[in-house]
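Common to both upcoming complexes is chain A, partnered first by chain B, then by chain C.
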Partner chain A sequence: MDIIFIVAVPFFLAFILSLMHVFKKIIFFENLLSILGLLIPFLVLISTFPTVSSGNTISYNIGGWSPFLGITLEIDSLTFFFSFISLALLILIMIYSLSRSSKYKVLYLLMAAGMQGVLLTRDLFNMYVFFEILSVSTYILVVSEEKRSYKASFKYLVLGSVASAFFLFGVGIVYETTGFLNIDIISSMNIPQLKITFLLFLVSLGIKSGIFPLHFWIPDAHSIAPPPVSALLSGLVLKIGIYSILRLFYTVFRTNFFEMNDVLMIVGAITVIFGAVLALAQKDLKRMMAYSSINQIGIIFLAFSFGTELGIIGALYMILAHAVAKACLFLCSGIVADLNILNLESKPSVSLPFFVGSISLIGLPFTCGFIGKYFVCLAAIETSNTLYAGIILFASIISAVYYLRVSYYLFRNSKDYKTPYLMQIPVYITSFACIILGVLPVLIMDIIELAAKTLGGII
Partner chain B sequence: MILNGINIGILLIIIGLYGMVAKKHIFKIIFGLIIISTGLVLFFVSLGYVDGGVAPIISGNNIYVDPLPHTLMLTTIVVEVCTTSLALVLALKIYEKYKTLNIEMLEDL
Partner chain C sequence: MNILLALLFPIIGAFIMPLTKKLKGYISVLVSILSFLTVLSIYPEISNGQNIEFCMKMVFDMHIFVDKLNFIILSFVSFLNILIVIYSIKYIKKDHLRYYSLLLLTMGFTLGSFLSGDLLTFYIFFEMTTLFSFFLVMYRGTGKARRAGFMYLVMCLTGGALILISVGLVYVQEGNFEIYNLNNSASFLFILGCLIKAGAFPLHFWLPEAHPVAPSPVSALLSGIMIKIGIYGIIRFFMTHESIYWVAIIAVSSMLFGVILALIQSDIKKILAYHSISQIGYMLLGVSISSLGIAGGLFHMINHAIFKSLLFLCMGAVIYSTGERKIQKLGGLYKKMPYTMMTCIIASFAISGIPLFNGFVSKTIIFDSLSDTLLKIAFILTGAGTFISFCKLNKYVFFGKLPDNLKSTKEVPKLMLFSMIALSIICIFIGVFPNIVFKNLYTGVFDFWSLSHLLEMSASVILGACIFVFGKKVGLFDIKEYNIDKIYGKFADFINSFCKNINGIVSKDLNIYILCILLFLIILFFI
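And then the complex of A and B:
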């Protein structure tokens, strides 16, 4: 099947689901459609694996127009890596939240489509449009019954719109300078005047991925949203911003990125420390995890601003580790009754996945977080930035303090109450993945190395 | 010419940003958003302008304006309508819950 189905199927099924909501409520069909809407793209993506793993790309021109005129979708190893993580997690989180309303599922599928669109498209303006689809559906998903959620959603909307405006402004300048919107064509032209747009894109994608001075919407939106939505926002939506930074900066602005190297490293280091220290000060469990996300994003950002292939491998592994572990923790937080850290109570069976997820985020051995941090520190030492390796290790110690504290309370106040099976399975799968990817990094290392080579070959 | 579409567009974007940063009323923040998007649309439409150009319906050897930014802006306008309407709905809901539209009054809750 053509790769357009990865984007088109969720869109189409979201449309069907919204119609079903109007006519008749058949819960079984609703659930079936919402799972199919993510499973079909996943299978299509898997079917591209043989081509991608041999280093080739698969592209599709929408409407049959040539890349000069039309929009091109393309899967290479980097896209495959991100798309694989996001679709796998989207399916798991959808299973977790099957009991929610059908409006939620419609928005969820729209968000999935937007996310895959951003990953697949090679057209700058198309990327903006998919970003807007992704963002508008997440603004609505953040809203819950709670009073504060409207405020959080509004804050997120205002900042997200400013980010999109900056992005579009940058796209305008790129179009004016080059006359093209296709990323591959622009990067093959190698025009130094594009430097001016670099900062526009950096601010825009920095807001979307939560880098230090632009992070302030994260704690509100991530902590007040319903637990599965927090898992999505923290695990995936931030990573989409990181993907765009990687894709645009290593291709469109390839000569400019490394002149900013030192500045980006300092920004990343501040993000690491800032997130870790503020997470330590939080009383609310989800707010603490939101600050911890800022910390992890800082490590990822730091890793790829080293600019070596090893750094990119570390960054990609951290992205995988953080997506899996943070999704696990936020899904656990939906099962835990009271979110105040000192009053935590849960079933013993939830404490264990939470513990596994937290040691992965701390970076203890035999978890995927360890492998990620190992590569990042190695890259820091390789480029003689030992200070930054020290900062990452220091932040890891701080995160050990706040995560192990939570785990302690979880294990101490264990209490037996019922949780639906559908909510438990994704939690176990994600925590199991943390261990498996830590013990056997070989499973995913090939595709990560290939993705790092795709980017590194451009350097 | 200083007062061309591109410069006025950028000026509008800056005015909109100022409005969003400096104003405390939720509706004024939304107006800031609208002004930014208007500025962007003006900026893009002016990019396609060619002096003495006509609409790109190919006939004979005329000079044509660039139609691509104009078509892009149709999409942007649709996107902005979505975002603005969502922002207005949220403003309504915030007023229902908090009985105020001043964002400074929301902070302590």
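And then the complex of A and C:
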């Protein structure tokens, strides 16, 4: 099957799902369609694995137009890595939230389509379009029954629109100066872009991924959204911003990026400290985890700012670790009764996945977070930035304090709650993945190394 | 490969805990006996001079390495584990699932850290012991316990972070996980990390908070075994090197300050915790001077594990029977708890270095390897201080007048006594036949019973006895309590309030957000 189906299937199924809602309400078909809408792309993606793992790429020109004019979709190892994580988590979170309304599922599938689109496309303007699809559907998904969620969603909408405007502006300048929109063609021209273009992209993608002075929407949106949506936001939507940064900064803006990477390291380091310190001060569980996301994003940002291959490997492993563990924690937070940290109560069977997820985020051994942290520290030491390694470890000590505090209260006040199995299964799978990926990193190391080579960090 | 079972038994045991309804304690005993037997089963190989060495393809390559040095540690540690678990059966009355699974996990990973053969493996186990023992420290769940627990967590993780940086530095420079060059920053950071875990003097403040708040068997585990991980790290990775002077300075200051701080405490478990700091000083002193000193340090490490666990178990027995932990509220228990008193006095003799008890033999070796007169004086003074402190402890707990509210005190259950008596027998056994252990640690011969050694040791005991008798007349030991380690707690409070203040500053106005975004763009443009 062509790789266009990865984007097209969820997109069309989203519309069919909304039509079904008009005609007749059949829960089973609704659930089936929404799972299929994610499962088919996942299978298509898996089928490309042999080609990708041997270092080749698969591309598809929409409408048969040549890359000079038309839109190219392409899967290489980096795209495969992100696409695999995102589809796997999308399926798990969909299973978790099957009991929600059909409006939710429609938006969810649209968002999945936008997400895959951003990952697959090699056309700058098309990337903007998919980003909009992704963002618009998340703006609505963030809204829940609570009244203050409208305010959070509005804040997210305004800041997201600022980001989109900057992105579009940047695309315009790139098109004006080079005459092309295809990323591969522009990067093969090998000319430095204007500094302002680079900064427009940095700020725009920085808002989407939540680095320090651009992070404002994250705490509100994450803490007020329904738990599965928080898991999506923190686990995936932020990572899509990081993906675009990686993709664009190592190709189109390569020269600008390596000129400025000292500054970016400082920005990353401030983000790390800021996220950790603010997370320590929070009383609300989900708000705490939102600030912890900022902390983790800072580590990822710092890691690839070193510019070395080891740094990229560290960043990619961190991305994987954070996506899996944060999704696990947010899904757990949907099962926990009271979100005030001091009054947490939960089933004992939920405390354990929460504990595993949190030690992975702290970066303790035998979890995937440790592998990421270790590589990032190695990259920092290798480029003789040992201070940054110290900052990351310092932040991880702070995060140990706030996460283990939560685990402690969860274990203390365990009671028997009834939780649907559909909600428990994704929690267990994600927490199990945290450990498996931490104990046997070889499973995924090849594709990560390949992706790091594709981007071509300096060695 | 077999030896791995030693740590796998307790860990697997911890995971099957939720499945067992009752008898959690007995299953834990079984598991720890199995782990002890696994350690013993490699004795034939080790005694032939073979080393066990292999590599696990987990996480990264984890190297397991056993030679004579850590075999002897492993066998004592796994044996102590059994006694600690047996003691817990009666001591712990509620919440068995949480207690035993955490205890077994801690024990398993502690054994793992004594098995580790390279820096990264050591780091991995080091962090895991911190994680699980943190929950054990907070087991009681009181405000004080939580505070101590978080202090413990932060300090030990800081130690871990220092070790991780040093691992990274070594890996980037050398391409493997062995320290070759002693005089670089990597080895400095590594030793510093180990010193934090060991609780040496300027970094000790978490230890007297964390060890006393934990349940007594856990205190025995922490003080007896866990802090030795730091010493083991230093010995394992720096054994072949020349003396490390700055470590010797830290060692002597830990010895003296530990004892002085112990003398001004009134909480029976806190006294013991401060003595751990002082005893850690002995081991570090041995490790930092010569190869004979290293053997002495190692020997003292094993001996300390035995008598310090015994002391904590004794004090645990006192707390179990009376419910009191301040020495001014105790007294005259010798009639009520004769066995506890006997074992406690044996342990006190051992820690003060009285001949025929195990503390004496290892202290003698360390003393013999000293050449500097100042160090010798410090050594004798510490010995005197230790003796005074334990005279005081025994006098106020077991002798004197029995308070009225303790009239109905009973001796502790037999299972608890079993652990205590077993440990005190080992104390005397090693004290009388030191060569059984020592021949595994050092290739040469050492004369334990020469007259000069006995004289040196009796000097500190007599000095201590004199000061104690004199001090009692003057009223030097009328109980006061000073807590000079509060500063660190203040610092933690400051950080906490700082975080809260920052949280207050963060604005909630959308206009300011957009202003920030634009400012960020402009600033970066002009950089």
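Simple rule for what comes next: the second predicted complex is superposed on the first by the 453 of 459 C-alpha atoms of A that agree within 3 Å, B and C clash if a C-alpha of one lies under 4 Å from a C-alpha of the other, contacts with A are read in each partner's own complex, and residues count from 1 in each chain.
Please note the rule applied: a residue touches a chain if its C-beta (ideal position, glycine included) is under 8 Å from a C-beta of that chain, and two chains touch if they have at least 3 such contacts.
Every value quoted in this text rests on a predicted model; they were computed, and no experiment measured them.
The partner that reaches more residues of chain A, of the two candidates chain B and chain C, is C. Of the two partner chains placed by the overlay, only chain C lies in contact with A:L378; chain B stays clear of it. When both complexes are overlaid on chain A, the residue A:S47 reaches neither chain B nor chain C.
Judged by the touch definition given at the top, the superposed model places A:S161 against chain B, while chain C stays out of reach. In the superposition on chain A, A:Y175 contacts chain B only, with no contact to chain C.
In the superposition on chain A, A:L280 contacts chain C only, with no contact to chain B.
Judged by the touch definition given at the top, the superposed model places A:S101 against neither chain B nor chain C. By the document's definition of touching, of the two partners only chain B reaches A:S153; chain C does not. Comparing the two complexes, residues 158, 162 of chain A contact chain B in one case and chain C in the other. For chain C in complex with chain A, the residues that touch the partner chain are 57-60, 98, 123-125, 127-128, 131, 134-135, 138, 141, 146, 150, 153-154, 157-158, 161, 164-165, 168-169, 171-172, 496, 498-500, 502-503, 506, 510, 513-514, 516-517, 519-521, 524-525, 527. Of all residues in chain A, those touching chain B in their complex are 125, 129, 132, 136, 139-140, 143, 147-148, 150-151, 153-154, 157-158, 161-162, 164-165, 168-169, 172, 175-176. If you check the complex, the residues on chain A that touch chain C are 155, 158-159, 162, 195-196, 199-200, 202-203, 206-207, 213-214, 216-217, 260, 263, 277-278, 280-282, 359, 364-366, 370-371, 374, 377-378, 380-382, 386, 389-390, 393-394, 396-397, 400-401, 404-405, 408, 411-412, 438-442. Within the complex formed with chain A, the chain B residues making contact are 13, 17, 20, 26, 29, 33, 36-37, 40, 43-44, 47, 68-69, 72, 75-76, 79, 82-83, 86-87, 90-91, 93-94, 97-98, 106, 109.
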